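Consider the two complexes below, in which subunit A is the common component and subunit B and subunit C are the respective partners.
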Partner chain A sequence: MFRYYLKLGALSIRANPALSALMVAAIAIGIGACMTIFTIQHMMGSNPIPHKSAQLRHVQMDSWSDANPYNDGANPPIQLTYTDARNLLAAEQAVRQIATFKSGRIVEPEDPDELPYTVSGRATSKDFFAMFDVPFKYGSAWDAAADLSEEFVVVISEPLNERMFGGEDSTGRRITMNGDTFRIVGVLDTWSPVVKFYDLNNNPHEPVEDTFFPFSTAMANEYGNEGNTNCWKPPEGGDRAAFLNSECIWIQFWVEIPDQAAETQYMNYLDAYVEQQKELGRFPRPLDNRLPDVEEWMILNEVVDDDVSVLLGLAVLFLIVCLLNTIGLLLAKVMRRTKDISLRRALGASKASLFSQYIIEAGMIGVAGGLLGIGTTWLGLLGIRNLFNRFDFVEKLTHMDWSMTALAIVLAVVSALAAALYPTWRACQVTPASQLRIQ
Partner chain B sequence: MEFGPIWRALLRNKGGAILIALQIAVTMAIMVNSIAIMQERATNMQRPSGMDEANTLTFASISFAADADLRATYINDLEMLRNTPGVINAVGTNSFPLRGGGWSMGLQTEPGEDMGGVGAAIYFGDEHMIETFDVELIDGENFSPEQVVFLDPDNFRWEPYVIVTEALAKTLFPDEEGSVVGKTAYINQNDPVQIIGVIDQLQAPWQGWDDVEHALFSPVKRAEGFARYVVRTEPGMRDELLPQLEEMLASADKTRLIRGAQTFDEVREGAYLGDSAMIKILGFVITLLTIITGLGIVGLASFNVSRRTRQIGIRRALGATKPAIMRYFMLENFMISSVGVIVGGALAIGLNIFMVETFALTPMAWWVVPVAMIILWLVGQAAVAGPARRATRIAPSIATRSG
Partner chain C sequence: MLKMTDVSKIYRTDTVETHALREFSLTVDEGEFVSVTGPSGSGKTTFLNIAGLLEEMTSGTYELDGRDISKLNDRERSRVRNEKIGFIFQSFNLIPELNIFDNVDVPLRYRGLNAAERKRRIEESLDMVGLASRLKHQPAQLSGGQQQRVAIARALAGEPRFLLADEPTGNLDTHMADSVLDLLSEINSNGVTIIMVTHELTLADRAKRNIFVRDGQVTDAAPEFLRAANG
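Showing the complex of A and B:
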């Protein structure tokens, strides 16, 4: 029977080619609009390190002004002062901990004829790589001794290794940046988290840095910070030492917390630390320490752009319009066939069989709309990519994976079936032989 | 008029009509809110930065040699730039409008902690800033060369003179009727700065900032490893000069890199990329939506016409003229559309209130709802015109046939 109904459906669809095409196109366009925006929203907010995100915590403590609380008191500051970062790092109260900030560098090639060029850089501690499961192609992270003795060691990205050394194993080789000569200890393998979760200060979707070097080395050599610096109280003096001692926040601080016990333990430590700082006259605000994990951190930092949420809402409404359109057209089609239906009912067709017949017909339109919807989604993403083509990261955000493709088809079929319910129900209400009187 | 009969006929066959009205209503909600957002973004994009955008370019000089003489580079660079034919003036600064990054400080009229200040963007530079940024000094004076100092990285302090935008002056001294020149404000809580000049208008580097019109000049030459130059050229010379100046500076000193060379048009395009993309996407969405809704109306009207073929034939046989038939369908659509746009107006306003609260958008302008209503009425009438004309061609003789 199912195949027979498929055949009937195909006949009916072909009988009204313009109308059927309109229904398929409306569903395809509605699905395309929804899925384009949904794909981008999904990619923007997707968890970049799902297997471990709950264990990775950013440290937040309220070092801000009592008179003008940070973010009107809604949450503690999103970065740390140098004083606190240094103290927490030295205390080593978590399994792993890192203090980090962004600092671009200029590479001076060995060949004097070659022009120097800028690379992005990050000051961090050795735990960075183990904490964030960073894949290595060659070599490894530096060791604790390098952190302690402010060594000039560097881990470089795969693209930089490609550019400098043609992709071969460059561990042990030298690289001069801003006058400092570093020894390469490791080369990363391909690593491009969709969200650069460990530093959401600037663009949350920019690529990971090209160079990573010890935090201690960067501090000892006065490397500048490229992220945000925010102060509630002026530094007491005009030199660097005064800035480092100030209440200005500019450092990201992450800890690895494997379980509940570790979390309680670390929270206790933080509370004790802040109490101790309060005695020194710092931390005027009430105690408010927090350890958000990666997902909470992304929400707090509003990684998903508001514009995308607005567009997603409008896209869903768009799909609703397309479905109302389909319901109207299917209903009109049914109403024109009432004579047909009443005749079939008079000849013994049950409501159930009529129902399956029309639902199958609608399902066919849904599947066609869904398949075409994959095409329109692809076009939509292509359009978005063109609009933002001056940013590389848009590639990552407009990538339609298998789950999104499957979702497009499921959404199309479900919406077509939902659209078909009312017209089909109306068809089943036609009483047998009611329409045969005139003839 | 036939309002009554048409309305009653509609009520007897509600299903299809309600669906169209609903479709128009939701279309309207989307259309109104899209237009409101597009209008908000377009208004933002039209705000002047205050600079001579058509004739301004910028690039950065990044020194990397450990022993580089940063002051010498800074002085030489600016001298070369200012002496190039076609250049009106040039300045070394930390930022400029629409750059997206910069430095802001709180200003207050009384010294002391915890006062809560007025935010202002800081532009550092020398006495050439006013001409380079093409702002007009409406009160007071420009910096004198003696007031301008080089940055001392080991002992940063605020220089005691500032030039402020008129908007900043008004926020700082709201009750002042006369001149604010000579008045003192406090930066960094306790450091006094005297206002020596007021300029007409200049945006802060962040175009989305609430205090975007709050900016001030501080007379400091920041000869740092990272120096940003802004150059204003004679009209029409900019595009020709950009590569020439870049090459000139790069070859004059090899211990640094020239990066980020851009015309101000490119700066503006980058700053408003998201907004202009939003306008394009929403424009595309409402066009597509209008087409779909229009085609839906065409489809349903065609069905109605063919379903009512006999009925129309009878009316024609009983003396109804072709225009009367035409009018019937047009009026019927007008009534359905009216229900749609009224419900749609309510939906649109509700959605707008929700979006304003959730996403901090500006409430829409009053004219958006009536404009969307008129558009949708016209679309409905245009869509139904074709099927209605077909209805007028139904011969009265149809009435005599059975079935």
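Showing the complex of A and C:
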């Protein structure tokens, strides 16, 4: 029977081409609006490193004030103090660990006629690259010795390598930034995670940094921090040493935890560490160490913008308006076909079979609307990309993946079926004889 | 066997109540060919629609093949319509988008027969009405008489026990009407019970039994008004 209903659906769609086209268009437009916004929301929150995200853990320790708990006590602080970052780094209790902060640099070109320019930069440890599966085009990360002896080594991004060296293998070459001359040890390959998960203090969708250099080097040479700094009590003194010894938090700390055992082990270490710090008069709050993984970290940091949720709400409302329109069109179609309906009823069609026939026809309209909806979504995303092309990160957010494509079709079919319920019910109310009488 | 006892049908609108049938009682036996005549508006179509389960009665009892029709739900009523009853309408009521083959196929689809069986029945019944060569034609390509024959083939394809015809020749000229009547007689001789509504006495005479309806009731004999009406 299913195939018979498909055939009837096709006949009916062909018999009412204008009405059918209007319905398909209404659904496609509604789906396009919804899916455009939803794709952006989805991409904003999508896992940037799915194969490994569960093993990458951000370290949270409650170093905050007892009188005025961080985040009202719901969550420990989202960064570490320098004291703790240094201690955890030195302890090396995880397979891999990094302390990191953002620090922009000014490049001084070799050619004296060329003006200096700013680049983004990140102070981190050598494990950064292995932990986050960062791809290299040339060279590699620096080694442990470089971290230890505060060497001036740097890994640069592909775009910067393009700009400075025309894309050539630049490992071994020099680059001077803020008066310090660095040796290039590696050049990244294209690397643009949808979410810059390792630093959610800044725009989570901005491109990765242009330069990466050792945390130890940055500290030894007093590089400034571009991220947030939060303090619950002022440093005891105005100099840098006082700041570094303070309870101000400004460093992100990540560890790689391969399995459950490693997690337990690292947790035990953290607990012991905090207990030890408590004896030194720090950490007034109860023990609250946490190791959220990448996805938990993204949720905690509200990577998906609330504005986008509001937009999505509006888009859903728009889809509903489109569906109301579709309901009207379907009703018009049913009203046109009462004679056909009552004849079929007279020839033995039950209400149930008429219901199936009309629902299947609506499903066909839905599939067509969904296919066209993929097109309108694509156009919508293209529009947004062009509208906001001054922001690099928009590019990453405006791509439809397979799940979004499938969702567009499913949503279209479900919408069409929902819209068809009332008109179909009306169709089933047509009595067998009513339209066959000749007075 | 078809048996109606004290059936009444009242059409209610906001302003008027029409008693289309009042205490209408009739028994039709297996294999009969009954004609139903009466003035316009007397309730003939209403009777036929109730007999064919197209409409529900307001009160009374109706048994078809020993089953109390008022106790059936929509699915069972649809099934009775589909399996036991064939309809022929004055205005043919073919589906214009479907070709002849597919038109005759409609009731068979709701029966759930397999493709081969449907094909056999469609060809057989179109053969019976003399249109076996027009399978792929659209209804609009046929004359009125041919369209009515397709409608008859559609009614026959389900191998019904009852054939209900409402003014089947109303839209046809005398010659075509005659040949349709020949066809109905032949069908009846194969054992199908036929009830045919008509207002033409010459056609009614070809039935084995004549029923007269007036003001929604069966009356005994052919009253004068009928003869007068037909000149």
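The definition used in the following text is that the second predicted complex is superposed on the first by the 374 of 439 C-alpha atoms of A that agree within 3 Å, B and C clash if a C-alpha of one lies under 4 Å from a C-alpha of the other, contacts with A are read in each partner's own complex, and residues count from 1 in each chain.
Keep this in mind: a residue touches a chain if its C-beta (ideal position, glycine included) is under 8 Å from a C-beta of that chain, and two chains touch if they have at least 3 such contacts.
Here the structure is a predicted model, which means the values were calculated and not measured.
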{"item": "First, second, both or neither for A:343, with subunit B first and subunit C second", "value": "second"}
{"item": "Contacts of A:406 with subunit B and subunit C, given as first, second, both or neither", "value": "neither"}
{"item": "First (subunit B), second (subunit C), both or neither touched by A:11", "value": "second"}
{"item": "Touched partner set for A:382, first subunit B, second subunit C, both or neither", "value": "neither"}
{"item": "Partner chain(s) touched by A:351 [first = subunit B, second = subunit C, both, neither]", "value": "second"}
{"item": "Dominant toucher of subunit A (residue count), subunit B or subunit C", "value": "B"}
{"item": "Touched partner set for A:91, first subunit B, second subunit C, both or neither", "value": "neither"}
{"item": "Touched partner set for A:317, first subunit B, second subunit C, both or neither", "value": "first"}
{"item": "Shared contact residues on subunit A - subunit B and subunit C", "value": "438"}
{"item": "Contact set on subunit A toward subunit C in their complex", "value": "1, 4, 11-12, 15, 339-340, 343-353, 431-433, 436-438"}
{"item": "Footprint of subunit B on subunit A - complex, ascending", "value": "18-19, 22, 25-26, 29, 33, 65-68, 106, 108, 115-118, 178-179, 224, 233-234, 237-240, 305-307, 309-311, 313-315, 317-318, 320-322, 324-325, 327-329, 331-333, 335-336, 383-384, 387-388, 390, 422, 426, 438-439"}
{"item": "Complex contacts: residues of subunit B adjacent to subunit A", "value": "15-16, 19-20, 22-23, 26-27, 29-30, 33-34, 37, 62, 64-66, 113-114, 116, 152-157, 188-191, 225, 257, 259, 270, 273-274, 277-278, 280-282, 284-285, 288-289, 292-293, 295-296, 299-300, 303-304, 306-307, 355, 359-361, 402-403"}
{"item": "Complex contact set, residues of subunit C against subunit A", "value": "45, 49, 52-55, 74-75, 78-79, 81-83, 87, 89-91, 93, 95, 97-98, 106-107, 109-112, 154, 158, 167, 170"}
